[in-house]
Amino acid sequence: MPGNSFGQCFCITTFGESHGIALGVIIDGCPPNLPLNEPDIQRELDKRAPGKRLTTPRKEPDKVEILSGTFEGKTTGTPITLVIFNKDIDSTKYEPIKDLFRPGHGDFTYFKKYGIRDWKGGGRASGRETVARVAAGAVAKKVLDTEGIRVIAYTVALGGIRAKERDLDFIYKNPLFCCDKEAYGLMERRIPEVKEMGDSIGGIVEVLATGCPPGLGEPVFDKLDADLAKAMMSIGAVKGVEIGSGFRAAEMLGSENNDEITPDGFLTNNAGGILAGISNGDEIILRAAIKPIPSIEKIQRTIDIHGRVGEISVKGRHDVSAIPRIVPVCEAMVRLVLADHLLRLKAIR
Amino acid sequence: MPGNSFGQCFCITTFGESHGIALGVIIDGCPPNLPLNEPDIQRELDKRAPGKRLTTPRKEPDKVEILSGTFEGKTTGTPITLVIFNKDIDSTKYEPIKDLFRPGHGDFTYFKKYGIRDWKGGGRASGRETVARVAAGAVAKKVLDTEGIRVIAYTVALGGIRAKERDLDFIYKNPLFCCDKEAYGLMERRIPEVKEMGDSIGGIVEVLATGCPPGLGEPVFDKLDADLAKAMMSIGAVKGVEIGSGFRAAEMLGSENNDEITPDGFLTNNAGGILAGISNGDEIILRAAIKPIPSIEKIQRTIDIHGRVGEISVKGRHDVSAIPRIVPVCEAMVRLVLADHLLRLKAIR
Amino acid sequence: MPGNSFGQCFCITTFGESHGIALGVIIDGCPPNLPLNEPDIQRELDKRAPGKRLTTPRKEPDKVEILSGTFEGKTTGTPITLVIFNKDIDSTKYEPIKDLFRPGHGDFTYFKKYGIRDWKGGGRASGRETVARVAAGAVAKKVLDTEGIRVIAYTVALGGIRAKERDLDFIYKNPLFCCDKEAYGLMERRIPEVKEMGDSIGGIVEVLATGCPPGLGEPVFDKLDADLAKAMMSIGAVKGVEIGSGFRAAEMLGSENNDEITPDGFLTNNAGGILAGISNGDEIILRAAIKPIPSIEKIQRTIDIHGRVGEISVKGRHDVSAIPRIVPVCEAMVRLVLADHLLRLKAIR
Amino acid sequence: MPGNSFGQCFCITTFGESHGIALGVIIDGCPPNLPLNEPDIQRELDKRAPGKRLTTPRKEPDKVEILSGTFEGKTTGTPITLVIFNKDIDSTKYEPIKDLFRPGHGDFTYFKKYGIRDWKGGGRASGRETVARVAAGAVAKKVLDTEGIRVIAYTVALGGIRAKERDLDFIYKNPLFCCDKEAYGLMERRIPEVKEMGDSIGGIVEVLATGCPPGLGEPVFDKLDADLAKAMMSIGAVKGVEIGSGFRAAEMLGSENNDEITPDGFLTNNAGGILAGISNGDEIILRAAIKPIPSIEKIQRTIDIHGRVGEISVKGRHDVSAIPRIVPVCEAMVRLVLADHLLRLKAIR
């Protein structure tokens, strides 16, 4: 399988370029008879919609259409195709930099790999690619709903400002999906400062899954945490992933990091809900490090496609941070992994 | 594909239990006419061999045999099978805890998933499973050799002690594969202290790949970093993975994190050699967080397979840390990913 | 991978229902920089277009659109999405039989498997599904063109009338893609007779591939002939496949069936161009047995979805035979297999 | 995935050369808690054992060993490894022809593909490779047993002599697994005649599966019949496959070929138990055309690896026909397909 598919039993294949005709996804392997309508998917897409005061001026009416796989509002077991036609496309802003590589951006490596440059809006290397993931995640959610599995993602750090609380109620009450009211206040002030500098910032997204039965995950390579790590790292801006105690585990003693077991469950959750690659029935918890968006207005040294020295200032309508738009993407990817492993578990039962 | 296979074009499938008859691997998709003999593989296996003063008293003569796939010292293009028969097996030490779950260990989740308990030595959930990965990695190395790609892994932290230098020459001069002489001195003293406490420690392993051509990695899901993250996280003890600037990127500005480009290459390497999931020709660099080994002598609360309260002290001949044995495992996993993506790149050229 | 994908390196995933919104395909793994425009694909689609005097009255303007994967007329290495929106849909003719199973048709098994019935036009079980295969085959053709590989399919039998000549020039001069002028005359007369009876007929399609280098095919399971057999049998109406001497080989002596070898090549081609699953450089030749179309006007006994006895006469605008529409489908499937194996071969070279 | 794996959920990977150290298979995805011991597998292997009067003088004590995946006689859900060490190896008879290609044999194409020649006993291109398939099939049988699915294969034609009866009781009462006593009598006399001529013969094997629930098979590419066709055609000697009415369907009218449906089931079984790629609950029936064994004593023209003209007479201890040894191989392959699709069906239920 080439690289645009993900999942073994619940498998998605995505397509589409930022400034192309459409983006979309085929979901193959979805069980039949699940209720599915466009509004179910639209709701998730709207979470990553721009137009919010704090982040981006771009207005894309990301409207999803179901092209196949349902009949009278139910999945049929055949491939579900979701498509979002691109509107509001204006590639003229990319013309001045059509031959220049943006530092930190994939246009350099795409050109080196494929020998062809789709300079309009980043082509397939654009963060916009993730719209298809979010759409697919909405279908995965339907599968998880049947088992009572819930997944929620939220911002725990932005530009060095860290959440100290994990207030799940606050998440949908702020445009950054931040889980800490106080931290949110600081973040809200930080964004315009960074924008003013013509720069960008990153952050950390945490994802929490509750209601997972024990048994999800296939040793030794398709471990649940291994597939989650791949899922997260496959999102363009992610540079690190950790499960449970994560990098802190490297400094703990075994007696601290081990989660003692009682008949009522685990006393702690340093494992992040996964042991030896298999869910243990506890909450699954992971974090992804998001790098600052590479397209910045600040002038940077670079080269063009002919190898000549140049400098670049990216002026388009870019976000200051991949957060919050990346938050529902992280959520979607975790749902896709869990839905896939749920079906895989059923296969051997 | 079930979970014991890894790779699309250069694909391995591993098998074997810690106290079973044998462990091993089939490598399918290896190009023909590469020189391959048992000593090539044995050399890598010996790197993870125990018996070193600082780590473990267990003595396993891990002797590899090639069962298929070569003819007169060359690969033939057919599946290469490597097997290591288990010797020096004594399961009696596991008998007292055969019904007890070890906190932090996979025996709980394996039992919940499969409904059967192979209590001898941890079965397939044992770290010993990785011997097959190292053997396979030695074959991947042969593929990478043809392109001049080199991979090296080393210890950058152990039990909270961090390397400050990256002295590659020192790595093979100390039994912990540490890249910093001073840090090594501290680590060397820390290990017996932890052992004395009946406890264990974790650390951080860094992996460096040089000589990679641009173009390795398949967007958007099989990104090179996504596959590397999965590869690392699929190793039992790993709880976190980061590429290049990793979690630090979450706190950097875009102008700091972006690697500016000149005709002579990138000025920095925060990307860790990978942009948008494709290698950029620079050094690939990643780190994995290793948790402390869960099997400790210190008494911990737990339950047995019937759900009854109990406590456990694991007395076997266990390592104090997965480091250094895990170091060549990390190295092997990175080699497997790179070899696979090298072949995948060739397919479209 | 679920069932709607085909190919390892050159991989397609199809979607769409007969009376749904659209049908289409994502092609992932196509090499970059191949010229590709909609007319290239339309040309192949038109081959299976109905509206021809001898076969079917249905008029579908099967117009293909490229949604992704090309830039300025060239493939970019990203997923190529082709979509054909359904027009001219009228499901009213299916209403009288919406609860009845058609003997010989997949509506029975789809209902048993998925527990839901898309009664409009056969849903995904319709032969119309193959439009996506033909579209994908047009892209595979671009890959094969780079190596000078040519694939052609033609009718060698229809309703018991067998071609005696293999006149490749005649194929595109008759609407049945028959390779024998005399046989065509008889076939042409047979079709209206069968139509008059309210019945249907089957036939045999042969596919010939020239210019294949030796080395295509991956033992032992993904043999070239094994993948070709799967490709053919995956077409709804196909009940049998044979390569080279095929079923005749069962009655031959080894000395007759073996193709003797000279420095100038093989003296015969009973192998059909494939030995031990690998192309031998000779012409690849295979045949598929096509069953008569199950939807007939003639009254047949059946049951409805509640298990009640009924009888059925399918009155829609159905073809008398899957031939000739299935001919370009067979051609496309062989192209897809060859393109895939061509890329797989490159991976190990 | 390279070519030596088969199956999506119940997945096997085989290895080994005819005159190498061992042959074997890893089975990944087998459900846990199935009873499995070496005699279960040995029983199937013995079916393909030579040493029977009519076929071959070679004596291989094909003794299977379970290297992993079971614990106290039950499957654990981890990879099951089966290995058969080669004994009784004598490659000296191959020395005179080590540079000559055998007409009809894979040594030509293996050499062209891989550029290396394992001349001993045919290497991986030997029919002996199928021993691993039969071993794996014995495990698939365990999975099918849980659902009451039975698979049986038998000879319906040999060297042009066709069975007229389908007497299942007779199958195991004759060394050719023939299902017709009278035909067997003729076959028994034919074999020594062909042997005397230094020639070989082929035949036809039929496989019957009973007890299959409706719903097995994944449209549109992984149709049950498509996977069965691939499974059969992946066996070296098979040149054709047909399901149900097969090639006869090409000459039938729709009204003849359609199986009418009643509340008690189908009135006929031209479909061979599969409609639109999904099992319909009826008996599954298919046939494979077996070519005559290419290695014959009769002198044939050929070339050597340097392209020089030569002639060859293969003198080793070869069978006159792949039948009967291929019969349990066909049986095993059908079992593997059904077990895989059974698990795949469970995944969406």
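Per-chain numbering from 1; labels A, B, C and D assigned in written order.
The rule is simple: a contact is a pair of C-beta atoms (placed from the backbone, for glycine too) under 8 Å apart; a residue touches a chain by one contact, two chains touch by 3 or more.
What you see is a predicted model; the values in this text were computed from it and never measured.
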- Note on the structure: Ranking C-D and B-C by C-beta pairs in contact puts on top C-D
- If every chain is reduced to the average of its C-alpha atoms, which one ends up farthest from subunit D? A
- subunit A and subunit C, separation of their C-alpha mean positions in angstrom: 38
- Message: Between subunit B and subunit C, what distance separates the C-alpha centroids? Give it in angstrom.
- Response: 46
- Note on the structure: Taking each chain's mean CA coordinate, subunit C and subunit D are separated, in whole Å, by 26
- Identify all positions of subunit A at which a residue touches two or more other chains, and write them in rising order. 1-5, 8-9, 14, 29, 32, 77-78, 110, 113, 124, 219
- Quick one: in the complex, what on subunit C touches subunit B? 8-9, 29-32, 77-78, 219, 343-344, 346-349
- Task: Within their complex, state which residues of subunit A touch subunit B.
- Result: 1-6, 8, 14, 101, 103-106, 108-110, 112-113, 124-125, 129, 157, 159-160, 194, 197, 199-204, 214-215, 217-223, 225-234, 236, 239-263, 267, 270-272, 274-281, 289-296, 298, 300-303, 307-309, 345
- subunit C contacts subunit A in the complex at 1-5, 8-9, 11, 13-17, 20-24, 26, 28-29, 32-33, 65-69, 71, 74, 76-81, 83, 110, 113-118, 120, 123-124
